[in-house]
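Common to both upcoming complexes is subunit A, partnered first by subunit B, then by subunit C.
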Partner chain A sequence: MSVSRRDFIKKTAALTAAGYVGMNLPFSATESEAAGVAKWNPGTCRLCGVGCRVEIGTNAAGRPVAARGITKSRTNFGYLCMKGMMFYKIMNHPDRLTKPLYRASKKDKFQEISWDKALDIAAEKFATAKKQYGPDSTAYYGSGQAQTEETYLFQKVMRVALQTNNVEGNPRLCMASAVGGYLTSMGADEPIGSYGDIEKSSVIFLIGSNMASAHPVLFRRVMRHKLNNKDKVTIINADPRVSDTSRVADIHMQFDTNKDLAMMNAMAYTIIEEKLYDKKFIDDYCVFRKGKKVKVDMAEYWKSLQDYSPEKAEKICGGNITAGMIRKVARLFAKSDGTMSFWCMGINQRKRGVWANNLIHNLHMLTGQLCKPGADSFSLTGQPNACGGVREGGGLCHILPGHRLVAKKKLRNQAEDLWGVPRGRLAPKPGYHTIKMFRKVNEGAIKAIWINCTSPAQSLPDCDKYRKGMAREDVFMVCTDIFPTRTTELANLILPTAFHFEKTGVYGCSERRSQLTQKAVAAPGEAKPETWIVTEWGKRLAEKLNDRIALKAVQPFLGKDPDFAQPKAIWDEYTQKLTKHRDNDLRGATYTVLKQMPDGVQWPAPTEKFALTGGTTMKFVKGLDPMATTESKDDKPFQFYGPAHKDRKLWIWLRPQAESGEEPDANYPMYLSTGRVVDHWHTTSMTGRIPEIMRSNPWAYVEVNPKDAQKMGIKPNDMVEIETRRGKVVMPAKVKVGPIEGTVFAYWHDMAEERMINKVLKDTFDPGSKEPEFKICACKIRRVSGPKALKPFIVT
Partner chain B sequence: MRSSRRTILKIFAAFAGFFAWPTRARAKTLATSPVKTNWLRPPGAVMEHHYPGKCIRCGRCAEVCPYRCIELLDIRHGLNAGTPIVKAEKVPCYLCMKCVHVCPTGALTPLEQHETRMGLAVVDRHSCVSWQEDSLLMCKTCYNVCPYPEKAITVHDYKPTVHAEHCTGCGICTQACLVNREMGGKAINIEPIYATVKLPRGVQ
Partner chain C sequence: MKKKLLIVAVLAALVALVACTAGQSGSSAESGHPALSEQDKLVACRDCHQQTTPKVYQEWFDNTHGLGNVRCFQCHGTFENLKKTPDLLSCNACHADKMGDHRSGMNCWECHSAHSFAAK
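Right after this comes the complex of A and B.
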């Protein structure tokens, strides 16, 4: 850097003046210059499901040195949370895995080996497992953070080459109930509207979501909308816990843990009792359902609600819920110009998660608060690519790409034809869902499992039980990851992968928006993009299996440049072939189009011309959604063409209040709930390595209601033992008006053995969606000691 | 008199050098108080000019502190060697109030958590990311970690403001602040303003 004489004098004078008055000069305006940014590379944030667009600044040497939001993006308008601003820092972290590591026995130490050998071993083990124990002895467990191309390719290799449907991913732990809810209620997965409806809404109903911590950038839009229209917008927050989100709420409905089903039924009761429903909308588009085959009428629906009159619900719900409050909220909900509901894990991670989802949809269908500006029933997604990659790309055991069910022969045959493999090649039965998959690992029925970009050893409920299975000597486990985690500790083979921005691929966020991130930084050491790893592995697998059809899974992508041409070829195959004429038609969202867009494209987007406008902001509405016109069967303005409902109707379900998987009793008198904090991401393998973030939130806490704390003599920061039927953990307490009396709330991110809350959770799961109930189990707590000096911990 | 450009520069540089010389270094003596920004006495400390006289350097406050946040000063601090200090940037005070009860001399006097005034948190609006003009970064870490959120720190549009009537000066916000040294110091710092000024009775 050269400085002119004049500049030097100016700076000296300024510094002197500043030193004299004792303040720091504002250097932030020139921070990017100071960091030496040579180029800004657009992409998507690596962390939550909001899908913020972010630019990574690289210096002349090509290393990432800064990040900033993209103001033209319609998701975040340039805003970033602190995780989003800092995540680029881990790309340079010394803990990055840079070489393939292998050990034959899980007792040995890891040895560095070459890629050639590593892939040979992986292929050999999977091929042997298939030959000796059958296709279902192999499994893939992926992630809602893997790019769409990766998930698509993994599931294709598993299904075509290994002929198993044991393809699962961590979205089973977070989104499955929302998928079940959308499919059963609306016949089509994923929300109808967009984030843009926030600014058009007049009532926002937040239930089971701490948006302020889990989706901070989207929460800013909700908050801004409220602050700009103080008298016109009402925000209702329904949650047993008072969280940061409750701060903007006009009404906080605090019910006892697990009583929300009764509460929402009581709202529906009021809507019918006071004739607040939209008769035309119901007549035109809705039917009432009791079971899959049982159609009922409104009279019977009304009869089923008789147990949930607001007065009765007041008694069931407890907390601060009164009959008057339920009536007031129901009126607000029904009469507003546009009501938008948001929910997340508080609804999904439940034993009756699908039912809870149905009940929210019911309220929207009864009142006609759908398919109009500012009205939607919107499920928030936790992970950046749970919607795009896993739900749409076929990353779960029961679905093929393009929302095709495995169990349906016609749809299976479609996939076989498109992939150019003989009919009957794909296994006809859905594979094991997550909990069952890891139970099979425990039994030793699964001999080879590939875990990509996630850490089930920490993120599964009752994880100690499942770690025993993963530690078995006869289970060969491959992990593809960027950092050591609790799961890589149990692996046989660790393959280092390229991080986001070190490879090219697409992420699809909550609002059906697909966004491209191109490679901008070189991956450290020998780390490779997953697409390259899988194509090479697939090639060797076909050799070991001696099966020409198996090669078809990866043949079109072999030998292509893994930084761009390869993911592009995979994306093209997936979008042009597999999504054609499906409800998530992405044919218009080619790489060429995605590169031009500051944000991305919302499906359905059948043509490039339409994709360039940004895609569909509201599904099913003629004029906004091209497929509503092409799929039209009558002249009504909305066409619910979702693949799951042949009758093209919305289904209003009769769903009663139900118990959770483990209710408190005399021995374990309290509810235990778990959740996120704003600073951390999942198992902290990434955010734990950003010193700034780790300093602001170094370990897990358990939040205890002040009344409970007083009864048990717990003071702030006292060490508290949480005991359940599965085991014990000890963590410091936060005494605050947060969880409702009788419930404690623990943060789940911490990697330290003694504070890993998932060890004590119960692995009950929803019988419909198979999603485990992370939010509720029974526990007892006890003060063990006063405050202690703790150390932040990450696995290295 | 016509002075050359060079002379003016020289004079200017001399002035600059004089003022740039830290004030404390100029006047530092063996009795100089170690208390400064983010270097605080434990809760309930008497006025700073009495402190070295009242404290007998028994170290019991440091011993009882469960978070190891109280350090004892070493010989470089002259008269104050052996007296306790809380370095808020390193490990802040979590207000467990154990130290005030073990002090044998009354250098630390017992008081309630909310009465503690170790200092006052001051937001440096020049380096706080949320206070930048047109800031697109949404940080409210100081608010999140504050033991008295909504009282001691409030946020409006993610911009934090500290309220002296509730701020205890515990330093938890300072330690947690995401702005780091390379970017020009912490954006929220604890100034020990109560160490030298006696507040009238009843004023918090």
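Right after this comes the complex of A and C.
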């Protein structure tokens, strides 16, 4: 029986008109239809790691009024999610930052100042910190949403001018464990195959990924592949939480939180027990390891798996996992014509995230489900340019551009030579990784920090602890951003930047694909592209430091047009010099080529001629990857030439089941996990300003399993307190068969103080990758009240 | 005197009307949607329509747009720009390649049933 909307609203409660604060609409909602599109401007979406190509429609006045997908693009074939469809709406939002803002003391109000003054202050503060407290008293914390040109230039200034490797960014929070996994298992970062393998696969193994919400347009390809081949394609979703992704799955493997390492070891056990492995692939390309320098044989590997027979794993894993299910899935995985695995934060954001990555790779190596059509071990990346800008462009404390390790003198010297600075100029020690960096901020050891295009005050685990450091009067903090955030609230200097499509630059998505977005819209007010900001800052910094060599960081780019010539010059330096003969060789992906391609170029692409074919769809395979031929050492068809494995082998790792950083106990008896919803992007500073999206998901919820809800008397929309050893938050409940019994799942996007879930998370991190364990900590929950009227909230 | 009373009555009615509609917008006259308060508008379309138009909801939920997390507002807009029948511009956002080569003058849903998108 249907009910009226009014009746329904009364039932859902939480809905009185009292106290509601209206959202700031970006512009008249009918403008797009009325204005008409005069020009379509191609570029890449910036609201996840898929790399969808999108065109922004501008009207005769040059204002953005519409968006559409680019149908010729091999990433999205024209499809967009709601974020890609609507992000243009924030470009003219009245909350945009349009003038530099400064306050000497964090107790003062911000005052508008000129760019000249703002850049002088920033240069003075960083130069003074270096001179008085040493290079490591300065730091940069960037973003997987910054363009490659921006990340590259920031890290170059930090390293060449300030002589510190304190270069980090939010990708440390999302994919550092995937980097660690690829390097330790395959000797080279980033996936071997491409999205195009989805349509060639027979089995898709999804683990720790709610792809339907976090990568919706790529999920559409998985969904379409399944719907088109219902009897030929099997989808397996392994996750303690039943999610939107589970709707297309043939098998949902629901294990107790944190028990997936045992489950994957049990699949490997079955593969060996039933001789489902590819002996020739293993003999030709693989070795077994239990330490970086400890090689073992297959017999010892088999011995290590004896704790994980399917029957033993059934007991460890709980949930719906049975020995029969493990065997069935292992057989499907091994026997299919092509098995493709996808994972994301459920694997990476873990205390043993690198191990979890290794165990997925192990399954592919054992079964030879690599380097062939429809087979790959594919890490999904969260952000649009975490791969291209940060992983490849030198945006982390231990790496220089072109996948060079800071710690390797030979590789440092290469960078010094290519940048024209004396050998020895670059600091030999890696900088502070993210958590350590903000601990140093808390200690007051970092005196000047530049936060670019991200909001660590909200996105760090246990963020209240780190907000205290950012609020210190003796820590000078610059923020470059387009909107006010929880982090700009703590800054001394806020610099307004041009948004995507208001500047020119390259993004590199999950599948090694670099794509150009050119300026199509004028930035509002005095907002400037980051390349201009950093170039001008770098020039002043060299003056304040009285250091001729420091100037070399920005000298080649000074005075160039920031809308095109400047980012082009930066891209040219990076690709032609720093990626030459590296595994991410991008010399062929020039702006000239990228402008011609509807969907960019996949590296390696050493020449323009090859780049114009689209680049390398599958790494390491002769005939597909030009470097597999130029780097070839034998007559085998696959050449694993990655920089981290001198033996050119794939390493199958012995990795045991391991505890998380904080297991439930008598005081905190439940697991707390966190994640995204489809509508919102990260901390909602952008999507929270799109009325359609904010109304669809106006605040965070906590999902509670119906059995847990019944035990605790929690009903839908009741207000629930989540308490951990770090503190408490309160948010409404969704009672649903989502998380497994004993685990609650909270949405992390909400920036309202009372609902900001990262305040209560633990900052445990993986000892290898240093990626924090956002996915697991211990908590207790209790019903606080029935439904309440809530307000959506964004910092303004 | 009667004239004065009439004026008072009309003014009182206007005040009552304003009081009744305070906090509400998106009137039926503009959008075809019942008027809602700002707080009411924070119920996701799909949550309300699961109850109020269950057939339409189920058609959406069980088919590609529902599976693929394409939300109501992507085609129909929100209260300020709500369209009961979507504008082709919203289809164009994802299906630009289909806009040119299909029969001219026809809307997508004339051949592909609205919400389920099965071919008729």
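As a working rule, the second predicted complex is superposed on the first by the 761 of 796 C-alpha atoms of A that agree within 3 Å, B and C clash if a C-alpha of one lies under 4 Å from a C-alpha of the other, contacts with A are read in each partner's own complex, and residues count from 1 in each chain.
Definition applied: a residue touches a chain if its C-beta (ideal position, glycine included) is under 8 Å from a C-beta of that chain, and two chains touch if they have at least 3 such contacts.
As the structure is a computational prediction, the values presented were derived from the model and not from experiment.
Undergrad: Once the shared chain is lined up, is A:Lys788 touching subunit B (first), subunit C (second), both, or neither of them?
TA: So A:Lys788 only meets subunit B here.
Undergrad: Applying the document's definition of touch, where does A:Met253 land relative to subunit B and subunit C: first, second, both, or neither?
TA: Touch status of A:Met253: no partner.
Undergrad: Which partner does A:Arg695 contact after superposing on A: first (subunit B), second (subunit C), both, neither?
TA: Once the two structures are laid over each other on A, A:Arg695 reaches both partners.
Undergrad: By the touch definition at the top of the document, which applies to A:Pro716: first (subunit B), second (subunit C), both, or neither?
TA: first
Undergrad: Could you look at A:Ala66 and tell me whether it touches subunit B, subunit C, both or neither (first, second, both, neither)?
TA: After superposing on A, A:Ala66 lies in contact with subunit C but is clear of subunit B.
Undergrad: Pick out the shared contact residues on subunit A: the ones touching subunit B in one complex and subunit C in the other.
TA: Subunit A residues touching both partners: 9, 12, 15-16, 20, 25, 28-29, 68-69, 71, 78-82, 85, 216, 220, 244, 678-679, 691-693, 695-697, 789.
Undergrad: Contact residues on subunit B for subunit A in the complex?
TA: Touch residues, subunit B against subunit A: 9, 12-13, 15-16, 19-20, 66-68, 91, 94-96, 98, 124, 126-127, 129, 132, 136-139, 141, 144-145, 147, 158, 175-178, 180, 183-185.
Undergrad: Under the touch definition given earlier, write down the residues of subunit C that touch subunit A in their complex.
TA: That would be residues 22-23, 34, 36-45, 47-48, 51-54, 64, 67-71, 73-74, 77-78, 80-81, 87, 89, 92-97 of subunit C.
Undergrad: Would you mind writing out the residues of subunit A in touch with subunit C in their complex?
TA: Subunit A reaches subunit C through residues 2-9, 12, 15-18, 20, 22, 25, 28-30, 32-33, 66-69, 71, 78-82, 85, 212-213, 216, 219-220, 223-224, 227, 244, 247-248, 678-679, 691-693, 695-698, 789-790, 792.
Undergrad: Name, in rising order, each residue of subunit A that touches subunit B in their complex.
TA: 9, 12-13, 15-16, 19-20, 23-29, 31, 68-69, 71, 77-82, 85-86, 216-217, 220, 244, 677-679, 691-693, 695-697, 715-717, 786-789
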